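There are two complexes below, and they share chain A, which is joined by chain B in the first and by chain C in the second.
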Partner chain A sequence: MNIAVLIKQTIDMDQLKTNENGEPILDNLPLKLDILSKNAIEAAVQLKEKYGGEITGISFGTDKTTSAIKEAYAMGVDTGVILKGYKKSNPHVTANVIYEYIKDKNFDIIILGNQSSDSYSGILAPVLSEKMKIPLLSNAIGIEIADKNVKATLELEEYNVIQTQAMPVVISVAQEINNPRLPNVMQIMKAGKKEIKIIDANPNYSDSPNVISNTAPKSERKRIIFENTDDGVAEISRLLRGASR
Partner chain B sequence: MVLNYPRDLTEEQNLLLNSIRGMLEEYGENYWAKLDESHLYPEEFVKKFTELGLFNVPIPVEYGGAGLGIREASLILEEINASGGNSQPFHGQYYMSWLLSKFASVEMKKKLFPALGSGKIRMQSMGLTEPDAGSNTPEIKTFAKKYGNNYIINGQKIFTSRIEESDWILIVARTKRYDDVQKKTDGISLFLLGPEQKKEIEYTRIKTMFNSQTYQVFINNITVPEENLIGEENRGFGYLMHVLNPERILIASESIGDMRWFIEKSAGYASSRVVFDRPIGENQGVQFPIADIYAKMLSVSALRWQAASLYDSGGDIKIVGELANSAKYLASEYAWQAANVAMDTYGGYGVAVDTGIERKFREARLYKVAPITNNLVLSYLGHNVLNMPKSY
Partner chain C sequence: MRGLLFSDIPKNAGEMASYFSKKMDIDIISIHDESVLKYGASKVYFYDSGFSDNLSDAIIKLNDKNKYDFIFISSTVLGREIAGILSARTGMKCLTEIFYFDNNDKIITKRLFYGGKTVMEESSDFHLFTVAPGISSADTLEKISESENLQLQKSIYEIKSRLDKNSGGEDISDAKIIVSIGRGVGSKENIQKIEPLVDILHAKLAGSRPVCLDYKWLSEDQQVGLSGKKVRPDFYIALGISGQIQHIAGIRGAKTVIAINKDKTAPIFDECDYGIVDDLFSVVDKLVNELKK
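Presenting the complex of A and B:
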């Protein structure tokens, strides 16, 4: 089986601070492997372990994305490719770049996270599936393979759907699908020595939307203070009862 | 979240940090607080630590290890302490591994390294300190006498940590009496004692003010085969520099981790605790001591890194010693200062067990006296580096 896993490198969201206007301060933030990309890698590695195959990790990134690819190597990805030229989040540009690279590679399964931890757009998977003209199994929390078919459990709002689809397919995974493994020291050492393919992607950002404002939502706390404990307890239990309905 | 600070790490070092951070998420402060109550060894943590291959860090590549250096080991231990944990229960295996890789025989390395890496055996204990010698290590009395192909060892040790928790231990003994050598550091030899010998050793646990496994040890007529001698007889003190210097760098790193924890806790509490209608951190009397510790943390971290880099690149062990001792001295003093700043910041809540401050406070105190007292570091710097008269 020929598996592609799409890997995004994002800023470390835990370290993100905002300025006085509520705008994110993006300078000098450490980079991190996106949370759902880790789930996607883990899902790909589990498929390889169960059914055999080869995994290609693909990232639309920059020169600095090597660290994300090395982490993917340490988790079990076989070949890593960086499509260089990423400037900002624009899922259509990303889809074009990735499509150009994978369109003639005959992947049976293309796995990616359902959305990324920085922009949360959730657009890449459907756009890519549309471009490739292959089906999308979206928000997967379980993947099995039988013959040439993929059987995926997809999580919807109210219930789960089990869907079978002939390969090739695009699968976007939800965080619930697995617990990504922590790379062991020896795997990290091996990963460090593996070659990474870097290709200039020359992305076209010309008709990207113009961002007018990007600020954190403000939430004002009510800060109600009860001088009398009994009143406070009564109000809290009233609110809790309301919330549990 | 754990307090981060700017530092220049390689991609592999960052990956290592990611893995250890991922593991630490499973072992929060409650885990360590419970162990502190029961004074138990962190078995489960060490098992997980082993599974992540972390004992492979110092083991040379040719023996199946990662062949990494003190820099990586110090990153790992620092991170554990910065998360509220305590690395003291297992750091011993790191410095023992450097000793083995530098001076043990090939047979011994083949026998021990793969088993140490996989966790089949543990080697986290070194008996150097003795009740009658104290800081004056060359004056130790434990003696190994050669009979045929064996040595018979007799003596007494104190504060030998983790002997119960180790399969293999290192015993420092004299093979020439103190009075019979010109240079007082001559005539000392290092012996590896395996499970066979350990059975014969008697030890009793010493109750301590925080969760540490440390013992009083009685060695009576223990037979040790000559293969278990490390390197050459009588030259052990020189070899010990490859235990003691790495140990000091690692301990400095643990203290740096402690500082990060105290800083993060204090800064967080100072920003959220409201008294006189404003956060206490608005008062410079509360804010500045925390900022002061942060600056000190950055400075000693750089010194520690310099010491580690020099050791890893095979630099002059004397200069390593100067840097490693200075790093251990400053880091332990600053960590203790940080512990007190946290205590003050938390007011009465600092002594309440549930905030965890008093536990780390107790733990941070150790490194001012062990593995070498800070007075002895200063006398080393004063005499050996600055050529002032010897004070001991």
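Presenting the complex of A and C:
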């Protein structure tokens, strides 16, 4: 089985601070794997362990994306490819770049996250499925394979469903599908030595929306904090008494 | 100006309709549910069961016929599939997860970025958008929209079986008062100590992601936040919730936020109107006693 997993690298948003104007301070911020990309890698590796096959990890990124690919190697990805030239979040550009690379590679399964952790765009999977003209299984929380068929449990808002499709398929995964493994020191050491394929992608960003601002929303909350509980209880119950009538 | 809205969840259709009908004439494609007729659409197109392929076909056909200026798709699992397929088939670029839309000279939209830490305001000339749930309250009108049943083609997809999720059975998204619990509640058993407060306020119980998803003390549909429900109650009472950005993203619509947390430095105190620094159980007891008076 020939599996592709799509891997996004993002800034470490837990460590993101904003300046006095609410603008994010991006200098020297550590990078990390997108949360759902990690789940996608784990799902791919589990499929390989169960059914055999080869995994290609593909990231539209930059020179710095080597660390993401190394992490993917340590988790069990076999071949890593960086499509170089990522500048900003634009799902159409990302989809085009990745499509150009995967279109003639005969992957049986293309696994990616349902929504990436920085932009939450969530349209890469359907755009790729449509461009490739292969079926899409979205927001999977379970994947099984029998013969040439993929049976997936998909999490929708109000209920879950089970669907089956013949390969090749695009599968997007939900965070609940698995707990990504923590590679051991040996695996990390070995991953560091493995070769990474780097290809210039030459993306075309020409019809991106124009960013007017990107700042932390100002909180207009009153922030009246009581360290004396009885005073707080008196004030808050006064407010609530009015409301619950 | 005309817009076409799509949602497979009637409530989201209502929210989007309430928001966009103030800005343009709207038609809606929705899963069959009579409630959708009450949100001010010129026309509602119902379907009973559809998938990304045949619903995308139907939207393209309707758009060719009626030449909408904009297409707004509710950001659900199915909605995002449709948005991606529409975009790939028609070449229309899609701007995702917007929670604000204005159309003067240019289209101005806002969406969350960096996992909810920032708001990205953009201008574009796009026609296709996915809309984050909770963009507005769903406000019903007197007038009932006309409706028509959509004829869908056969899909390549088929549901082999449908599995019900465990559900609290209550919809928190239109509650007036929400009592929301976080990891600070400590255990599922402890929830019963909170219930007197929920009862006396006629509130609905909600929770943070760990409480709903990881520990399952509450059901998934009670989760508030970026990946849960966006709520807009008059009062949101956060008990033992630290106030991480992904949680805050779900409560920006609340009129008044009250936080109780024993840690003075918890970020929730920067995002609340009233806060008490103390053990949540003792504060809940005192509040209940006071409210009983």
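Heads up, the rule we're going with is that the second predicted complex is superposed on the first by the 217 of 245 C-alpha atoms of A that agree within 3 Å, B and C clash if a C-alpha of one lies under 4 Å from a C-alpha of the other, contacts with A are read in each partner's own complex, and residues count from 1 in each chain.
As a convention for this text, contacts are C-beta pairs under 8 Å (C-beta built on N, C-alpha and C of every residue); 3 or more make two chains touch, one makes a residue touch a chain.
The shown structure was predicted, so the numbers you read here are calculated from the model rather than taken from an experiment.
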- [ ] Please work out whether A:A74 is in contact with chain B alone, chain C alone, both, or neither, and reply first, second, both or neither.
- [x] first
Task: Which superposed partner A:I11 touches (first chain B, second chain C, both, neither) - done: second
- [ ] Check the residue A:M189 against both partner chains and state whether it touches chain B (first), chain C (second), both, or neither.
- [x] first
- [ ] Could you say whether A:P30 touches chain B, chain C, both of them, or neither, answering first, second, both or neither?
- [x] first
Task: Touching partner for A:A146 - first (chain B), second (chain C), both, neither - done: neither
Open item on the list: If we overlay the two complexes on their shared chain A, which of chain B and chain C does A:E235 touch? Say first, second, both or neither.
Closed with: second
TODO: Decide which partner touches more residues of chain A, taking chain B and chain C as the two options.
DONE: C
TODO: Could you say whether A:T66 touches chain B, chain C, both of them, or neither, answering first, second, both or neither?
DONE: first
Open item on the list: Does any part of chain A touch chain B in one structure and chain C in the other, and if so which residues?
Closed with: none
TODO: Within their complex, state which residues of chain C touch chain A.
DONE: 9, 52, 75-78, 80-85, 87-89, 93-97, 108-109, 111-115, 117-124, 126, 130, 156-165, 176-177, 200-203, 213, 226-227, 234-235, 252, 256-258, 264, 269-278, 282-283, 286-287, 290-291
- [ ] Sort out for me which residues of chain A touch chain B in the complex.
- [x] 14-15, 30, 32-33, 66-67, 70-71, 74, 182-189, 191-192
- [ ] Going by the contact rule at the top, pick out the chain A residues touching chain C in the complex.
- [x] 11, 13, 16, 18, 22, 24, 89, 91-92, 95, 114-115, 117-127, 129-131, 135-136, 138-139, 151, 153-165, 175-176, 207, 209-217, 219, 221-227, 229-230, 232-237, 239-241, 243-244
TODO: Note which residues of chain B are touching chain A in the complex, please.
DONE: 1, 4, 11-12, 14-16, 18-19, 22-23, 51-54, 56-57, 66-68
